[in-house]
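First chain A sits with chain B, and in the next complex the same chain sits with chain C.
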Partner chain A sequence: MHRVLEDPEQYPISLKFGWPKLSTNEKIFLASMFYPLFAIASQLSPEPRSSGIQVLETASYQLHCFQTLTGVKFLAVVDPRQTGVEALLRRLHELYADFALKNPFYSLEMPIRCELFDTHVRSALESAEKLGVANV
Partner chain B sequence: MNRSVDPKKVNSELFTLTYGALVVQLLNDLESVEDVNKHLDRMGYNIGVRLVEDFIARSSADKCYDLRETADKLQAAFRMYLGISPSIANWAPAGDEFSLMIDTNPLTEFVELPDTCSNMRYSAILPGMVRGACEMVHLEVSSWFVQDQLRGDPVTELRVKFIKRLEDSVPPGED
Partner chain C sequence: MTMSLEEESRLLYGMLFSLKSFSNRISPLDVQEGVQCYTTNKYKMTLFETPTSLKFVCNTDVNAPGVNEMLQKLYTQVYVEYVIRNPECKPAEPITSELFKAKLDETVRMSPAFSSKAA
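Moving on to the complex of A and B:
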């Protein structure tokens, strides 16, 4: 730690704080718990043909869900003050169509391990972060 | 001269030639016109299954409530991906079947079928794509060529027949 801070070649240093990343299996596990919740939400509706969960609010975060016509779900866990999440999810949909589905070596319904997809998602997230916070 | 302006565009002749090389290679490998037809259809299916997501994302297409809307979406997709606008015609009286009439099929621009391949469905990739794409939005359809300019017909007619809604694959919150 100190060695990193003392080494002038490391500057500028960018630090990010957050929870340790989940493993792929943990993510799949959590996502598959969300799936029935989403289905229940659409069944509970007093009106027929309701959508499932679109936004889930807690005191410390919001979960946004966007389901495409084919049934793929995009989820974003964000700060409650974050804006433009829907646009972000739509952007992710495009990125999924581009860099996962159009990659002939990506097999459908499998975890996406495509470098290009990851870089584009990262830059989409960064720009959403900047825009979203600036709008607060 | 302006061809290289849009980096997203490739020369359509390269596309046509690539498809031609693919079909001929398939024929050399499989040595059976029937098998080539099957393979092209399957390849089209695999493309359709993937491409439909791109279509939905970019055209922000909405749900279809009847087959006429589906036909419009297919027409839009042909415009978007092949640059052609087939007309929709020949509706079956029951409203469960229609045709996409293609005046100029970019896949067959330079193609003449030799006599040995007279039953080849050269563009079989297209009905395969229609089938794959519809399946992902929970519609089972079958699709085939009724007329083909390659076989001397005045137009190329791609028939699409609705079979059923795939209720099992409709996700909750989308019915």
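Moving on to the complex of A and C:
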């Protein structure tokens, strides 16, 4: 790390600091934990026909959930000050439909391994980040 | 939807328990602070947890203001005053005190969340 920073040939340099990425298995594990919470939240509702959890807030972050009509859930863990998360998740849904579902090599229910999808998600995240602070 | 009070409280407790472990696992930061609230399209659940993991939960309208403050007030000004300082109330038993009930009602009625719903 220091060697990279000291080498003048590396500049201009762009650095990003973040949490180590979760493995796919951990993500599946977390998603399967969220699923019953989502279902119970709609059961516990004082009013009939409530949706599941849409926003989960803690002091340090917010979890936004967008459920599509077909039941696919998009989740984003963001800073509490972030705005426009709803729009971001809708955009991700659009990208999912365009680059995953319309891809003949993609099989349903499997992790998405498609470069075009990844680059578009990344650019969507970056444009959302310009409007605030995002972290997925 | 019909559900007995006991059934509902069991379900709620189980949910809060798993919600807590879920939120700690998914947290992007090291500091682990519990869930404050979640929102659905019909209601909002606000949770206030004391350091001794006593939990105060209130389900409100999505836009109800100051619910967290109200729950903190319930703890400091109602629960501590009328339950902890009441020798008749034993811990881990349902609270039967009438005075507690009256004060609880009064505090909830005074909170901005209550009046904003009536408006």
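We take it that the second predicted complex is superposed on the first by the 132 of 136 C-alpha atoms of A that agree within 3 Å, B and C clash if a C-alpha of one lies under 4 Å from a C-alpha of the other, contacts with A are read in each partner's own complex, and residues count from 1 in each chain.
Note that a residue touches a chain if its C-beta (ideal position, glycine included) is under 8 Å from a C-beta of that chain, and two chains touch if they have at least 3 such contacts.
Keep in mind the model is a prediction, meaning the values are calculated, not measured.
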*Touching A:Arg49 in the superposition: chain B (first), chain C (second), both, neither?*
both
*asked:* Under the stated touch criterion, which partner chain does A:Leu37 make contact with: chain B (first), chain C (second), both, or neither?
replied: second
*Is A:Val72 contacted by the first partner chain B, the second partner chain C, both or neither?*
first
_chain C versus chain B, contacts on chain A by residue_ = C
*Of the two partner chains, chain B (first) and chain C (second), which one does A:Thr83 touch, if any: first, second, both, or neither?*
neither
*Check the residue A:Tyr61 against both partner chains and state whether it touches chain B (first), chain C (second), both, or neither.*
second
*Look at A:Lys102 in the shared chain and tell me whether it touches chain B only, chain C only, both, or neither; answer first, second, both or neither.*
first
*Indicate the residue numbers of chain A shared between its chain B interface and its chain C interface, in ascending order.*
41-43, 49-52
_Interface residues, chain A side, partner chain C - complex_ = 19, 30, 33-34, 36-37, 40-61, 63, 77, 135
*asked:* With touch defined as at the start, can you tell me which chain A residues reach chain B in the complex?
replied: 38-39, 41-43, 49-52, 67-72, 90, 93-94, 96-98, 101-102, 108
*Contact residues on chain B for chain A in the complex?*
49-54, 56-58, 61, 63, 136-137, 169-175
*Tell me, which parts of chain C touch chain A in their complex?*
1, 3, 8, 11-12, 14-15, 18-19, 21-23, 25-29, 31, 33-43, 45, 59
